[in-house]
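Could you have a look at this structure, given as structure tokens, before my questions?
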Amino acid sequence: MAIKTESFILNIGPQHPSTHGVFRLRLILDGEVITDLEPVFGYLHRGIEKLAEGRTYLQDIPFTDRLDYLGSMTNNHAYVMAVEKLAGITVPERAEYIRVILDELQRIASHLAGLGFFLNDLGALQTPLLYMFREREKIVELFDMCSGQRLNYNYYRFGGFVQDLPEEFLPALKKLLDTLPGFIDEYEQLISTNEIVLIRTKGVGVLKRELAINSSAAGPVLRASGVNWDIRRNDPYSIYDRFEFDIPTAQNGDTYDRYMVRIREMRQSVRILRQAVKDLPEGEIMGKAPKLLKPPAGEVYSRIEGPKGELGFYLVSDGTDKPYRWRVRPPCLLNLSALKDMVVGWKVADLMAIFGSIDIVMGEVDR
Amino acid sequence: MSDFWVHLLVYLVILFGFVIVSVLLFIWLERRFIGRFQLRPGPNRAGPFGLLQPIADAIKVLIKEDIIPTESDKGVFWLAPLVAFVPVMLMFAAIPFADGAMLVDLNIGILYILAVSSVTVIGIFMAGWSSNSKYSLLGAMRTIAQEVSYEIPLVLSILGVVMLTGSLSMNEIVKAQSVPFVLLQPLGFFVYLSAAMAEINRTPFDLLEAESEIIAGFHTEYSGMKFGLFYLMEYAEVLAISAIATTLFLGGWQGPLLHPVIWFITKVLIIFMFIIWVRATIPRLRIDQVMAFGWKFLLPLSLANLVITAFEILAAPDMNTAVLIGINIAVMFGLILLFSRFYKLGGGRVSVK
Amino acid sequence: MSALSNTGGGILKGMRLTFKHLFRPWITVQYPEEKLTMSKRIRGTQVIWVKETCIACLACARACPVKAINMEVSRGEDRKLKVDHMSIDFGLCVFCGLCVESCPTKTSIYMGYGYETTTYRCTNVEKAEGQSRSECRCRELILTGDELAPSATRVLSGYDRPDAAEKLAEQTLLINKKGYFER
Amino acid sequence: MTAVLDYQQLKADLSKELPGIEIQAESSFLLALPEDIHHVCQYLVSRPLQMDYLTNLTAADYPEYIEIIFHLNSIVNNTAMTLKTRLTDKTNPKMASVVDIWRGAELQEREIYDLFGVVFENHIGLKRIFLWEGFEGYPLRKDFANGH
């Protein structure tokens, strides 16, 4: 006799401990197995693109902070770079080096937060999260030191920066760089070989290479699927062509690989930081930029490798001081394109692991 | 009044007092220790070292609004916390705090404890079912699957101790331990602790209230004192499990110099600390992995333990204890290594049409 | 340990690590009793306006991306601009610091060093006709005129003001915390 | 460095491959008609160009038309290009969806539908993404009235 069973709908979110914000997943479950899934966006939609069109180019910088709020520095960089390209502003050497330093620090900070939440989703209480936040805290304090705030830095300006780095910055950074690899080793001790983490993540949520490319996945998600694609290497911006670093990739595209790629990326970032600190020249911090910027009419698409993936800005100027069209290419949103293919067939517990390993920030998904 | 009633009254008061006080202490200890593992001080505001924090929490829980979902099965919803809580209290009746210092020295003590502890599952299931919430239902489903399957290795691991003692009475078991049974039964202890942690839903088996997945599992919809009872039940269960492990494997109240009660409490605390330590370190398993671990790993191990114990008793009753301990520990490590190589978790992705 | 991989070796390694952390000093700060010295460039939750040096050029009001600054100026008898009304709505302010950067005198508007401006409730609500609840303003958060002046609790921050930064104490850093670096 | 394709060369190739389509090569982009966009994309994604990575898909509202902008990349060849199309019917703009070519277009097309009102035919589940069902107007169009 066959048992009559019925599948049911389970709403995960918008208020749920592990949706990383206000995100809703409408699951259709057969027991614990997910048979269908529909992500529902928009709970954090603030219309930033529309708001930005009504403000001057300079006034839009604080809005970029509020996209991926765990990666404000890189957001600033991407936007500022797009406008510089549009208006033809050159950036002094020292400013470029500082941009690389801040970007790489931001990458480490963002990965630490992302991995911490990912392990929290796996159910590891908050221990790894707090260990990772300890290191993130040190980086955030450095950002606080130079920009004055801990989350929405608003530090980049067209042509350079608001102010030069304070003199305490470099000694503190060097101290941090000396200890950071040791702490990354500790995380690996705690997590990378833990049997429970291994069986929860290996082979779970596989994103195949073809699908990863086809669904416009970016950043660590794409590289974990075996695609050697990093804007820093493939389309170098700023002064990234001067540094020696590797692009970590993995082959399986599963949850564990996405974790591992992030860990290795942090090590590479430390490597870049060491070179950048060593070569940091003295000099001007601000290039020549008009106070009220009016770029010539035209359009630009400029991109950087943010912590979450390719972060691009598409700007259209009509010659006035306000942008005509202001568009962000959101890596977090596009990494979710293939979520259904990764999740269907797995259990509710795996959904959290997979979702955590994509590392999204709702501020950027919904904008 | 006869001696019987005096004994009953005194011990009831002592037991209730002991359980409530130590549960509050356990909550404080756990939060404090988890805090230290995580590089933060833990609760430190209410009273010295935050000692009054659990009492403050208890008062808060008591005066909170008691919400009953309109679509719930109200009778069952009401009854569930009690059904879950009372059996845990009953378990303490047969646990000896010192030589003979217990409510009743049942000659089937350990059997009674196992039987009573199983009833808790019904309470949890009632809570999950009556809440009429999908999260609660998922949590309750996980509980049933998990607790029923882990009951078997749990009982089998205890059987080894019973075979060595030849008695089911808890007090007799303690008295029989000239050497703590953890040395004679290392494998049994390992299986017991793993299975017991699954029984009481501690990390890494805390699926039924996996916060990041199903919010709070079976007590998602509970609030106020009903939630408080579930909370109390969880910690009382931990206390009971630690006490039973102490009694069966660590020599109970036995120990040199100090008073037996102090020895007993110290050993209970050691087991509890270990459980906290595990909780602070590792993530949780998935439901099918939990089931696989129980059926494919712990069950064969506990059966092997049973056979080995029987063999030792029959074939070599007069063997030197030190040699026996060495053999047992070697056998434990060998078997764990062997079994962990053999068993496959399986599961994984289910094909969905 | 490698023989124990897949057999609990990884778990044991992790447990050893967490055990080591038991003896490390904690990193959290017990806030009301223990306070960190903030960054010299902190953009605190205050904006300080120095009336005496203000030349009423409206640059800050124009730079504000959320139009939180409301400044009304008029020309006095001596043909000089003077400020009639200055108010900043801290319910709108995003503390981006653009007003501070835009100031041509560099001495008239500052970010504040303080960050403790919490109030328990909003008693005075400014509500215009036809406004919804979310659109109305809390009057306690709108500071006007002399309320914006520097005082003992409203210390100037060094954000884009190097001379103000020199007067402030060194920032406390976790990385310099004693007894923390031994691993 | 990602090489940007030569649009004149591309135009010549395209007219040879797909006779009968109208295509314009500007200095920084390729302009196709909305009816042809699906064919053009199919050609671009196939060999030898292998524009397999849809970096960015967005729209911009101009007085006469709505412009749809494709930023394409080839992961294999490390090349990039920009493809545009213009929808002149602003009251009822529609064009063929490219979700069957690039899965990454799914969410971005939904976004364009939500914020610009462009209907993508044959899309796998075209509905509003950020705003709620029943929201009136398309916010990123220039004629949308808003507070600021």
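Observations on the model:
To keep things simple, chains are lettered A, B, C and D as they appear, and every chain counts its residues starting from 1.
Rule of thumb we're sticking to: a residue touches a chain if its C-beta (ideal position, glycine included) is under 8 Å from a C-beta of that chain, and two chains touch if they have at least 3 such contacts.
Quick caveat, the model's predicted, so the values are computed rather than measured.
Between chain A and chain B the centroid-to-centroid distance comes to 42 Å (mean Cα coordinates, whole Å).
Averaged C-alpha coordinates put the centre of chain B at 61 Å from the centre of chain D. Taking each chain's centre as the mean of its C-alpha atoms, chain A lies 25 Å from chain C. With touch defined as above, residues shared between interfaces to two or more other chains in chain B number as follows: 37-40, 280-282.
Shown for chain A are the residues in touch with two or more other chains, namely 127, 131, 134, 190, 194, 196-197. Counting partner chains per residue, chain D has no residue touching two or more of them. If each chain is drawn as a node and touching chains are joined, the picture fits none of the line, ring, star or complete shapes.
Pairwise, the chains that touch each other are A-B, A-C, A-D, B-C.
Listed in rising order, the residues of chain C touching chain B in the complex are 4, 6-8, 11, 14-15, 17-19, 21-22, 24-28, 30. For chain A in complex with chain B, the residues that touch the partner chain are 8, 10, 16-18, 30-36, 119-127, 130-131, 134, 190, 194, 196-197, 199-200, 203-204, 344-352.
Taken in their complex, chain B has these residues touching chain A: 34, 37-40, 134-135, 138, 141, 203-204, 206-207, 210-215, 279-289, 345, 348-352. Residue ranges on chain D touching chain A, taken from their complex, read 1-2, 28, 52-56, 58, 60-61, 69, 71, 75, 78, 80, 82, 102-108, 115, 128-132, 139-140, 144, 146, 148.
Considering their complex, residues 33, 35-41, 44, 277-278, 280-282, 336-337, 340-341 of chain B touch chain C.
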